[in-house]
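Both complexes below contain chain A, partnered by chain B and then by chain C.
== the complex of A and B ==
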């Protein structure tokens, strides 16, 4: 079962996620939206990273949802706010509104998060190449994803080096603002120097040649992918018809 | 000079985008190490916009938030803000605002106003006014004094945008001015910052 979601083509998963987001945003109420979280949790467990999904969701979306809830219910003033204590007031309108906002955040965020946890960047970029996106686009995406962790490592080295030279990282705000330049300066200079080398390397490997790129990596579309995509499209049409006619 | 999309996205400009995104991430980490109440996470976007122009700046802003959004989907709607920041900063570079200190200071204000105009509606429409950041305390304080939600969020957005953009612009500007001429000249929008003028011998 673990392999089933991994074997799905990236665009099938994307169709599923888009459908979930659109339905989540435009359906009135909040029960369906909240129900999407357990559904995606189940899908994440099926893909073998249920724990990662749950933890990531709590740490990023959890706090936001909690803060929105507290502010809407107790702090924002509505005509029906009932004063409780000091600056705190309780409002049924606020409760209703916060449920509407948070449920939509929960549904969209869990769909997006699930997608990026079960789809590797390699698969996503391969699918984009197959969909005939310009190779400059896929290159930028791939190189950005690859570069961020490397640069973070390098910045640690630079920070340690500058600290050993006695840079001020504490003190008043101005001193701390000033320390941005010696921390980021060497990083940016070395990265800019590197771009020249990268450009030469890419040109010597015929990156700018006006021919399609070939790939050693392969990912096949199965029958199940076509079925999922068609079902998602039909459901979307049904949903639009239902929302417009009602 | 013709300056279309194809001109802006030269190979070197393409290679600048990942640089900008990773500098943004490092800037974000630095601002939490240095215990700033606001996040200084657009240094890379601004730096890239200054050298690569509006469209490259826009894509850098978008990519930064997409990369963030993979781990934290809350960042996705704010891609619009980062894209505006990058685009406006790039336009100002095209109009040579950063070649002197007066223009650079004026640019801070223009960029922060543009960012706040996009940020406030996103915060209200998607999150109902608060996002769990430190600046929410300011919004909440304004709400308690009886200010309307829209006014509170907009004041907070303007305030945080001016403060963070001032730091973003000044840090990237200082670094840009220290970049050697031989690098500057290779980027499409780098020539106004070159110090030495070639003289015919």
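== the complex of A and C ==
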């Protein structure tokens, strides 16, 4: 089962994700949206990525969702707010609103996180090239994605370099914030510098040559891919019709 | 007890990779020590353990009588300064003066004392004339000296230099040798990782040979380069002059002085 999702063509997975995001945002209520999280968790488990997906989701989106929820329900004032203690009040309108906002974040974020966890950059590049996207666009998208782990690694090294000349980077929140500033300079500078070198290296290998590229890597589109894409498209049309003429 | 001691120290990264098996060594103040060995031998991991950036997963590292386990890296770093391979990991101020002064400012050293110390560190590192330039106006090789000055200005008892000779020209290597000499003369220890065997033989007496994540030998440089088995095991080559001398049948030649001393006795000269 693990191989099934891996073998799907990137655009099939993208179609699924796009459908989930659009449906999530424009369907009233919040139950369907929240339900998308277990669905994508299941899909991640099928791809052998369950734990990573769950942990990643909780540590990033989970925190944001919780904060928004608490602020909306207890702190933002609405006409029906019932005072509880000091600046804290409870409001049914706030509860309703927060469910609406957080459920949409949950559905969209689950879909996007799932996509990037089950699709390798290599597959994405291949699919974009096959779709005849301009090479520069492909490069910009890929280098942006590739930058994230790179930035994390670089920032660790830079943190260490600052630590080793006696600058505190551990301890309370304020110490961390203060140590963050000296990190930004070398980080941004080195990233710009790397991008420039990267561009030169690519250019010296005929990156922008106006000829079709040969790819040693192959990824085939199967019948299942066409079926998924057509079903997603049909569902999307049905959804739009339903939302416009209901 | 020596100022810096590693007692059966091992380190395994969180991902399970064992970068250092079990090393023990001790350094007294005032020593100049060269660490040599091929890439991946564990050199950088070992020095990162010395200044507290990494904490040993077994054994212990003692600096000035205190285990690095009990202090955070910033505190250990005040005693053991470490200059990274890549200066661009560290430099972020808009003038060399500010870059060198940064650590002192952070430690709330009195302003009137900062100026003098910065000027001294810059002078030692050959940056006296460019204190007001932007660090990135200097070429990469000279930016390395900015980071050495930034570490030196903090007045650590031990200074670790990670491959300072990489990409440096002759003038810069000479400057580096001068820094090492001056710092050891002040009673501080300098520990240098280097792949430049000429540099190592010329400026160090004690060498630590590493291979396969452990120390193979810790002893006088002259003895290290005499040991064929050791050099082979550590994948190290003698300095060119020593290789040439050996081809001629002299086994104790390391520097040009040794070579000149050996030369008059050769049949090569008498035949001329």
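By our rule, the second predicted complex is superposed on the first by the 181 of 246 C-alpha atoms of A that agree within 3 Å, B and C clash if a C-alpha of one lies under 4 Å from a C-alpha of the other, contacts with A are read in each partner's own complex, and residues count from 1 in each chain.
Note that contacts are C-beta pairs under 8 Å (C-beta built on N, C-alpha and C of every residue); 3 or more make two chains touch, one makes a residue touch a chain.
Source: prediction; values computed, not measured.
Peer 1: Examine A:189 and indicate which partner it touches, taking first as chain B and second as chain C; both and neither are also allowed.
Peer 2: After superposition on chain A, A:189 lies in contact with both partners, chain B and chain C.
Peer 1: So, A:176: does it touch chain B (first), chain C (second), both, or neither?
Peer 2: In the superposition, A:176 touches chain B alone.
Peer 1: Is A:71 touching the first partner chain B, the second partner chain C, both, or neither of them?
Peer 2: Touch partner of A:71: chain B, not chain C.
Peer 1: In this superposition, which partner touches a larger number of chain A residues, chain B or chain C?
Peer 2: After superposing on chain A, more of chain A is contacted by B.
Peer 1: Using the superposition on chain A described above, determine whether A:97 touches chain B (first), chain C (second), both, or neither.
Peer 2: Once the two structures are laid over each other on A, A:97 reaches chain B alone.
Peer 1: Figure out whether A:63 sits in contact with chain B (first) or chain C (second), or with both, or with neither.
Peer 2: first
Peer 1: So chain A touches chain B in one structure and chain C in the other; where do those two contact lists coincide?
Peer 2: Touching chain B in the first complex and chain C in the second, residues 169, 183-185, 189, 193 of chain A appear in both lists.
Peer 1: Would you tell me which residues of chain C are touching chain A in their complex?
Peer 2: 48, 51, 53, 72-75, 77-78, 81-82, 84, 86, 88-93, 102-103, 106-107, 136, 150-151, 154
Peer 1: What residues of chain B sit close enough to touch chain A in their complex?
Peer 2: Spelled out, the residues of chain B in touch with chain A are 9, 11-12, 14-19, 21-23, 25-27, 29-30, 33-36, 40, 43, 47, 59, 63, 67, 69-74, 76, 126-132, 136, 139-140, 143-144, 146, 149, 167, 170-171, 174-175, 178-179, 183, 186.
Peer 1: Looking at the complex, which residues from chain A come into contact with chain B?
Peer 2: 56, 60-61, 63-64, 66-68, 71-72, 75-77, 87, 97-98, 101, 105, 108-109, 112-113, 116, 136, 139-141, 143-148, 150-152, 155, 159, 169, 176-177, 179-181, 183-185, 187-189, 191-193, 195-196, 198-199, 202-203, 207-208
Peer 1: Would you tell me which residues of chain A are touching chain C in their complex?
Peer 2: Those residues of chain A that touch chain C are 154, 157-158, 160-171, 182-186, 189-190, 193.
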